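One chain, chain A, links the two complexes that follow: it is found with chain B in the first and with chain C in the second.
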Partner chain A sequence: MPIQIIAPAPFVTAADEEDDEGGVRLDFDNEGDIAMDSDAPRRAGRQTGGIVTPGEVVTDDPQWMRGHGTYLCQSHESGSQSIVSSLAGTISKTNKLLSIRALKFRYVPEIGDLVVGRILEVQTKRWRVDIAAPHSATLLLSSINLPGGILRKRTSTDELQIRTFFSEGDLLVAEVQTLSNDGQASLHTRSLKYGKLRNGVFMMIDAGMVRRMKSHVLTMNTSNGGGEVDIYLGVNGYIYIAKHTTPLTESGGPEGKSVSITRLEEEASEAIYSNVNEEISPETRAEIARIACVIGALAKNGVKVDEEMVHLGYEAALEEFLQGMEWGGDGEMGRRVVEASLVKRREQ
Partner chain B sequence: MEGLRNDGRRWNELRRFHCQLSTSSTNSDGSSYIEQGFTKVLCNITGPAEPSSRQKVKQDSATVSCEVYFAAFSGTDRIKRGRNDKKVQELQTAIQQTFSSIILTHLFSRSEIAISIHILSQDGGTLAACINATTLALIDAGIPLKDYVCACTAGQSTSIFDSEGTSPDPWLDVNYLEESDIPSLTVATVGDSEKIVALTMENKVRIERLEGMIAVGVSGCAKVRGIMDKEVRRHGKEKLEARGE
Partner chain C sequence: MPPPTPLSPPELSYLYTSLSLTPPIRLDLRQPSQFRPIIAECSFLPHCNGSSRICMTEAGECIVGIKAEVEKDATTKYATVIEREKWIEVSVEVAGGGVAGAGSGSGGGGGGVGIGGISGAGGATGRDEGDGGAAVWLKEGLLAGGGGAGAGWSILDRLVISSGWHWKLYIDVLLLTPTSHPSPLLLSTAVNMALSSTYLPKLTSPHDIDDIPTFSDDWAISTPLYEPTSFPKPPISLPVVAVGDNVFLDPSVAEVAAAEAGLVITLSLVDEEGSCDVVGVRSMEVGRAGGKEGERKGIGRKLLREMVGACVKEAGEVIKGLGETTQKQMFRA
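So, the complex of A and B:
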């Protein structure tokens, strides 16, 4: 019995005046085997738009090597091996290596990435940190700046006081130091650039939406009396936007007076592990919210977030006189801001 | 009318099939929404992520876990189905086992892929809709699959016999009324290959009829795959265009 399956009739509204091809075919008895696969894409057929979908044969040419997002499949008839896609995405070729980049994927840590993370668990000598990767990362007690100076030796007192540095739920910015062979990351915060985050808001976007840049910590001059705002664009899609704090560099402490190296580190560590927010003016809060909305809107509309786009988006948002936290979730206004910033980028 | 079913379809006609990807923007890695006739299902995927409990850790592969929630208003009667409801557990195991064999789990050792399904409206073919929704959500999450898994139902009307004694055509994609009336089965296949990964049937049917039902179900799956593939490509193209700006 040759089976012919009729496609479901499309939902036709009164306004639709197309002829419905997928509708009820009254002549299905006369023609035996038409339309069975008429709109099912042929395997191994290159589709337009450069998208491959799971189960699609990418190539059966033995000269190619299979990379990420593909698997080998032995065909039953000829016995030849073909490379089959396992993801929906675009093909990328590196010499003879075929791999598929998915449209959306989870963050895969790489050494040197700046990430924003949240402490999940405190253990005896380390923390477990959520960095939106398949495995949570570890942060060893020995890879943070201990109070009293970078060169100080780690003691058992520090182990007992581990919660005074980071406790559950704390946000931090860190760098991926090493990777274990199953992809689990180990972080470090041994620089005054890294450490605990406060004075701001946390938000998350898709990991693929942050463009890799030279520096992932931006400092923006905001208008309307907002002052300076720091943006930590974690490569893992976690983002923290905070009021700018003076970095504790060799030139001096927060007060500007020069201090000795050891004194500086004492002051630095006290400030680094504080859990108390500074006074943040309503103007600064408004600007932080505006930047958060810009980044949310960019990611939602599929535009990669980088320094340039954040600046352009912020300018566009200022011109639109948008305020508050809510418009970033609103598709219409967000799209308008993103379009305006894309126009600005083209003009440059 | 001759040869038409109670909702006006022919024996080999699918119901209206509507699907969407990336339906919820936050708090899940992949999501999808499916309408098969009046059966409406929402699916969210989290993972691969750190397993929620120690028991779920497998050293060499990812665990697939599945949670199904029936909305109390989804059926004709208002029934609250708890976590330990037999029907819920049956669906969960069916989906979990189907997808454990299709997801390339060896790529994600010691992690968990959690499937969460909300059934918003039931009108027959609930399991089929759940499987289709899960496939789409997994694709959206960028989790490697061997191929699409597509499911479809087929039923065999028993009351109609024609004079020559030949069995009538099996009915494709049964709705709620038909499902409660006639014996029906759910079949899920991998891609175009006609390889069956899941087959369930809760009624009795004469063995001669079974082959025809499966054949019709499998052909329905192929059609469903075509529709889902079209949507994935459309969605992908749209996303690439936005990024290319």
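So, the complex of A and C:
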């Protein structure tokens, strides 16, 4: 069967989940009735921490404070103020503060985040970069490594040949340097760890699915003759998986940075903006694709992606592969790999 | 939403090399002739004779509703073919966007919806403005459905009610995710499934009378538009791309961008064994059409044969699978 046809999941009404105690109960210490109307399923949805939609009244009880994802709305008839959801998500409660956690959201940049981005537009002295955030980020010409060394000032020649560094569609790994008032990020690539991405594949998952870690650049040893593979897990959910390259990204570690600055002059040549891939063996390509499938399967099955899970998932995928299982067009293999890796994590 | 950006040159070259290896490595480790799973549902719109909903990973979601209306036969002695083709009206609409219609009523309004860059099928650029783009292409496949063993068979014959009266089919396609890449596979599977779930009320008045026909209001004895047990089945269009000497079915957006040649092949199932007839071929715009940058080359005879062959081989299973799913969902209760 070349194609797998899945019937849609059956529709579940909020009332069916009434026994679920895992959610937030708004009425647990309430004397009065917080329900706005007698509509049973809707009330049940609110009480069990079920899903609220934008515009839905969460509560009109004055004891609650309005948090993220909600706004206050004055009722026409009674004049009382009620808290209304502005997002589709679940209710979360901290003491008396009500907030809505969105089910699906875009990435919110924070200073110091490692992100993978794609150039959207080239402007006179800067680039506009898509980082899956509500606003596209900017990358100034002055915050990249110019060929010829970090201490060089940018010149008008650099401005004229801005497209030789990055042009539309190029992928890069960068760090969020500053944030403006409206949350727009400004990036920098002033380290040899950052810069243009080559020799691999790009994939995206939901922004919330990448766990924040110490380091977002992993280097994995792959089997089947695949050699070493670098994984750039952007906090924004953009991921780049590439063949490990020695000369430029070697300088990790605590002292790596100081070393890299002194050596920068020789190394930050035109080569760092090259658009040509290295020679990549079919074995490496197969392992890169396998890692991409593992990460995709983890995200699809609701498991947050971090270093440990990528390693465990990859191991599980290899074991399945040795038993002759093929990644197919169906999600079955992905589910099995994720389950196997979760079992492994519990064992540790 | 930002507009879709092109892939970077290193990405494209990586993809191209991976896909032209022997054996090729697809980024999702699929076999060259393997499709991605789809979520399909049919016969869920209460006011339609037939309906379907298809979800795909990359292409998004699409809803098709088919309604049938009784119409007086307007065919004259001289314009039979043209008049008869108007018995089916297809319109493709993008949620929140314009309508592209084919047929007398809505044709000519707005730019056509170009689907996956099928050449000659309109397109967002409005190249063939007014011809309805995807709608025309879908209708073509429908009218052609039935060659070879089923030669002479036409869906239009099934629409005849009695002398002087016929059904008029309105096929309305609604794309719910306009920002994504509308794939020809998404549209054609949705239309295919909707057609196989289409039932028309049973005629109770005699066939040979010119009066307004009367119908039974019992849906249990209604007649299917396409008999579930007989052939041909509704047609399906499969996108296929070639990179080097390798041929890939159901290409992802990135694969289309890296491909050298692309075709959309319309096929219909003609017998139980799953053999298919090619009823239409359209070329598809791909990223590197004509080989590497600077080179211009066409599709070789051998490659063309391979591309069509790959589709013919798999299409039978796909159409059968869709038909079985439809049957299962129609009679589950």
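Definition applied: the second predicted complex is superposed on the first by the 244 of 348 C-alpha atoms of A that agree within 3 Å, B and C clash if a C-alpha of one lies under 4 Å from a C-alpha of the other, contacts with A are read in each partner's own complex, and residues count from 1 in each chain.
One rule holds in what follows: a residue touches a chain if its C-beta (ideal position, glycine included) is under 8 Å from a C-beta of that chain, and two chains touch if they have at least 3 such contacts.
Fair warning: this is a prediction, and the values are worked out from it, not measured in the lab.
In the overlay, answer first, second, both or neither for which of chain B and chain C A:V122 touches.
In the superposition, A:V122 contacts neither chain B nor chain C.
Pick one for A:A7: touches chain B only (first), chain C only (second), both, or neither.
It touches chain B and chain C both.
Does the superposition put A:S136 against chain B (first), chain C (second), both, or neither?
both
Should A:L103 be classified as contacting the first partner (chain B), the second (chain C), both, or neither?
In the superposed model, A:L103 contacts chain B only, not chain C.
Where does A:R285 make contact in the superposed view: on chain B (first), on chain C (second), on both, or on neither?
Second partner only.
Would you sort A:L218 into first (chain B), second (chain C), both or neither based on which partner it touches?
Touch status of A:L218: no partner.
Using the touch definition from the top, say if A:L318 reaches chain B (first), chain C (second), both or neither.
Neither partner.
For A:T90 in the superposed arrangement: first (chain B), second (chain C), both or neither?
Only chain B is touched by A:T90; chain C is not.
Touch check for A:G200: first (chain B), second (chain C), both, or neither?
After superposing on A, A:G200 lies in contact with chain C but is clear of chain B.
Does any part of chain A touch chain B in one structure and chain C in the other, and if so which residues?
1, 3-8, 120, 130, 136
Taking the complex as given, what residues does chain C use to touch chain A?
2, 5-11, 13-15, 17-18, 21, 25-31, 33-41, 53, 55, 249-250, 314, 317-318, 321-322, 325, 328-329
In their complex, what parts of chain A are in touch with chain C?
1-8, 118-120, 130, 136, 168-171, 197-203, 275-277, 280, 282, 285-286, 289-290, 292-293, 296, 326-331
Within their complex, state which residues of chain A touch chain B.
Where chain A meets chain B, its residues are 1, 3-11, 24, 28, 36-37, 39-41, 43, 47, 49-51, 53-55, 69, 71, 84, 86-90, 102-106, 120, 130, 134-136, 182, 204, 300-304, 342.
Please name which positions on chain B make contact with chain A in the complex.
Where chain B meets chain A, its residues are 9-10, 12-18, 22, 25-26, 29-30, 47-50, 104, 108-111, 139-142, 144-148, 172, 190-192, 212, 215-216, 219-220, 222-223, 225-227, 229-230, 232-233, 235-237, 239-240, 242-243, 245.
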